[in-house]
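So, here's a batch of structures to check.
Both complexes shown next keep subunit A, but they swap its partner, so subunit B is in the first and subunit C is in the second.
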Partner chain A sequence: MEDMYEVVKEYVIDEYVEDDSEVTLDTPLISGGIVDSFSMVSLKRFLENKYNISIPDDKATPEAFDSVNKICALVKECIG
Partner chain B sequence: MAYSDKTRGMYNDILYGLQDAGLFKQERVIHSPQAADIEVEFPTGSSLKKVINICANNYLGLSSHPDVVKAAHEGLDSHGYGMSSVRFICGTQDIHRQLENMVSKFLGTEDTILFPSCMDANAGVFEAILTKDDVMISDRLVHASIIDGIRLCSAMHDTFKHSDMAHLENKLQLHHDRRLKMVITDGVFSMDGDTAKLDEMAVLCDKYDALLFVDDSHASGFIGKTGRGTHEKYGVMDKVDIITTTFGKGLGGASGGCVSGRKELVEMCRQKARPYLFSNTIAPPVVAGVIKVLEILSATTERRDKLESNTEFWRKGLTEAGFVLKEGDTPIVPVMLFNAKLSQDVSRDLYQEGVYAIGFFFPVVPQGQARIRTQISAGHEIHHLEKALDAFSKVGKKYNILGKAKQEIIEMYGM
Partner chain C sequence: MAHIGSYDERVKNFDWKISENELGYKEGDPINIGWYCSDRICEMGKADKLALIWEGSTGNEKRYTYNDIRLASNTIGDFLRSLGIKNEDRVCLFMDKIPELYLGFLGVLKIGAIAQPLFSAFGDESLFIRLENAQTRAIITQRKHVPKVRKILEKMPWLEHIIVVDADPSKPLQEREVAFCLEEASKIDNFEIFPTYAESPSVLHYTSGTTGQPKGVKHVHYSLIAQYLTTKWVLDLHNDDIYWCTADPGWVTGTSYGIIGAFSNGVTQCVFDAGFSADNWYRFIEKHKVSVWYSAPTAIRSLMKAGDEVVKKYDLSSLRHLASVGEPLNSEAVIWSEKVFGKPFLDTYWQTETGCIVITNFPNMKIKPGSMGKAFPGITATVVDTKTFEPFGESGKIGLIAIKPGWPSLMRTYWNNEETYKKKFVNGWYIPGDRSSIDNEGYFWFVGRDDDVINTGGHLVSPFEVESALLEHEAVAESAVVSKPDFVNMEVVKAFVTLKPGFTASKELDLQIMNFVRKKLSPLAMPQEIEFVESLPKTRSGKIMRRILHSKEWGKEVGDISTLEDD
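== the complex of A and B ==
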């Protein structure tokens, strides 16, 4: 099975990083200005499609999407 | 007293913080009408200085055009100073309807609704038209007023990388299941001066059954062969569903804006757009002025043609002098300096040389992309541009940046 952390990190880099900035599992994505809150929706939809889950809107907060580690924790919670 | 010393201190701390961060905006007071030659008091209290203005949105040089000023005077005499009302109560005059019809004809659209500003048009249009079942997909560099309008709308929102059509297509596929999809872009991007690829966007919108929205504030009146805008330049006059634009730039420079496009969408704005419903009607003299502007621009392309040749002259001059420019063919010509302090120093020195041009740096533009944004006008004569080029060359030489590539400038001054 693909490493979820690598999959999410790769998506974030491909989707949001437009220079050579490094992204680690703990890099602050939203509070660090890499992902703006406007663009979060595509990340949410990507995760829902990829892992066949539904992320409730009240859990899809900027805080919950603020790093690859936090995103993966949320996905695991939704997978159950 | 509710406004305590503690409260005052809190706000002062915020304002000092802006000053410390170099983000505090200082207004320069102009004592003359808007034109190529202006008289400026800066710093406050200093004697007036005559300078060439090279940073106004006065693209067509109509802000102080005698025919426009005369028309505004006549509108004041015939229709009064104000209407003391919103449009739908008792604020719609014959000239408001006349202007809406003229804008529709000029832009080649079905209908038009006036707003107090294009900021208001962008703030109101999305929530009037879209619902939570829809999606808005916007270019990542759209104007702040569009971002605010998107925030006020309940529809889902997503973005695509600037001018990246493959990425836009991915997003249209991702959101295929939404009731309506709207692709949102500026026609001309105000900081870089580049244009949206409306021909490619129109094809994608057709393919994925999406609406196409363009803010043409930095285009109306002069982009395209007859100045209709970006949709004319790209040959998609009938493919854009909504255009918002301003009368505060090329089209006279006073104030006001509009939503123009499919008649049902315009009617939805008339019924539901809150900045329209709860703001006063545009003042009669301003309406009369814009009507005259459209008459001038419909009669001849002389002014946009002059703007085009002035822009070519200016770009060529700066390139030959050895500056690094953003590529493009619009009257927005960014002179790239990369370093924020350098952009401020160059702006200050240009002012001393009699040229008024402003430096832009983060967060207005991305980190490491500081610049002087120059804006050319049909109101400039060649002697203005020659003098401004001399000033740029003198200041560029002082900072040793002429003929230097991006990396060399960054090595000298940092990002």
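== the complex of A and C ==
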């Protein structure tokens, strides 16, 4: 099975990082300005498609999307 | 005591000479915004006063006095001159909210060149369209944004210099790229500022319309007269205030009130170069003891969404005055801010073309939550009939906002587009394109845009631009773009798409198209929802009827569909 952390990290790097900046599992994504609030919508959509889940709007907060680790915790919570 | 004093008295006795006199400007004198925002404040004895407190996303901080920003802007100006940049050349500032953006803006103005700030989240297509229109000679940027410039470089023979403010010495620069590190550059103390005059061009900001490409709004150095006084009277900045304007200088609020207004008033301002989170913002206010906060309804609604409990974790007692701009501020947000901060956010209304706040709520004035307030003294604003362009004789009628031209910061033209510029003036009025009514006490009440432009999070997005980008995707046959309601951003972009033969609607394609537009244009322009349809409503002449799609999204009556083609 694919490592969720690596999948999400690779997606973030491919889609949102414009240069060769390093992204770790704890790199601040939203507060660090890598993913803005508008782009969060596409990241949410990716997670929903990839893991066949629905992330409720009240859980899709900037805080919950602020690092790969936090995103994976949210995805796991939604998978149940 | 608020600077405005009595609004009615100010209206009665108003003259823009009040601003000219305070700034020591006389008609015919040179006027250079770069000088007024740095050298003049130093000459007033405030050289050691803190001008800028900058904080990055990791909590790193930089502080600049007025003398520091004087020297830094001189140094950047000197470097630009050494590259051969001269007055009226366009210099694009394509950076995140880093200090070089603020200091570079003043440096560009000091050599008489035209500052062209662009939102750093713009994709390569959005960047190219704006650089091509302005025939920009130089761009100042960060290494993280250089790949976007490189991608379109071949199409831009006029762009001679790509100045990278944080180049990595271990990586070679490419064609036309040059490194400039402000911290390592020799500081220039004595600098000959280019003698710009009232009508010399200063700033070129791009704004979107319903049709056609984005328009370059040309402002002049005399705009300072309006930006200085509106900052003082509306934002009510006092000498000991700590001011935070959350806007990005890629948009007009970030320059008119995030640079020019604050610095020309000689106050200390903070910049937070980090993404949004309620905790981070409240912590920032607490840490820097922000007293005047100028933000946007989208941010305010995001804070509302984060709840009241998080507010209680922080000491926000430094806040004295709050104002908002970008889109209409709903009454719930005004009432909420009064409840949690003890002060209401005051709505201010203006746009890129007006250059300064034109209709607003003032300190000392009775606030009617949901109202835009009243015209700034010296601004004659009314509401006119949409057909005759004559002002209504009675209150409460909905029409177009109309403003008598002549205030200092009204745009001077659209760059290379005089024809569209002229269309903004009808029957002796400047028409911003917004609908409103006026109540019997003279308060304006916003109703909506008079065109199809989408105002998302306070930023205008052209449906035409998004539709054009969509059509460049290999799967898209036709597209129609409208706004849909959104609690936080007021409106977001929604696209209706028909597919070419061989392509099938799927969740994967939906995401692929979203990301395609985001990278090409900007995250703001990315459709937050894509609806795949078999066909789009069109007139018999083949024109897509966006109005029908828009009405459905907003739950409104579709109206006259007699011109709709029969399928």
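Note that the second predicted complex is superposed on the first by the 80 of 80 C-alpha atoms of A that agree within 3 Å, B and C clash if a C-alpha of one lies under 4 Å from a C-alpha of the other, contacts with A are read in each partner's own complex, and residues count from 1 in each chain.
One rule holds for everything that comes next: contacts are C-beta pairs under 8 Å (C-beta built on N, C-alpha and C of every residue); 3 or more make two chains touch, one makes a residue touch a chain.
Just so you know, these numbers come straight off a predicted model, no measurement behind them.
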| Between subunit B (first) and subunit C (second), which does A:Glu18 come into contact with in this model arrangement: first, second, both, or neither? | both
| message | A:Glu63 in the overlay: touching subunit B, subunit C, both, or neither? Say first, second, both or neither. | response | second
| request: Check whether A:Pro28 is in contact with subunit B, with subunit C, with both or with neither, and answer first, second, both or neither. | output: second
| task | Look at A:Asp36 in the shared chain and tell me whether it touches subunit B only, subunit C only, both, or neither; answer first, second, both or neither. | result | both
| task | Quick one: classify A:Ser54 as touching subunit B (first), subunit C (second), both or neither. | result | neither
| request: Spot which of subunit B and subunit C makes contact with more residues of subunit A, would you? | output: C
| In the superposed arrangement, what residues of subunit A touch both subunit B and subunit C? | 18, 36, 38-39, 41-42, 45-46
| Contact residues on subunit C for subunit A in the complex? | 57-58, 96, 121, 143-148, 273-280, 302, 306, 456-457, 488-489, 507-508, 510-511, 514-515, 518, 523-524, 526, 528
| field | Residues of subunit A defined as touching subunit B within the complex | value | 18, 36, 38-39, 41-42, 45-46
| said: Give the list of subunit B residues in touch with subunit A in this complex. | reply: 138, 140, 147, 150, 156-159, 161, 171, 174-175
| Which residues, counting only subunit A, touch subunit C once they are in their complex? | 15, 18-19, 21, 28-39, 41-42, 45-46, 48-49, 61-63, 66
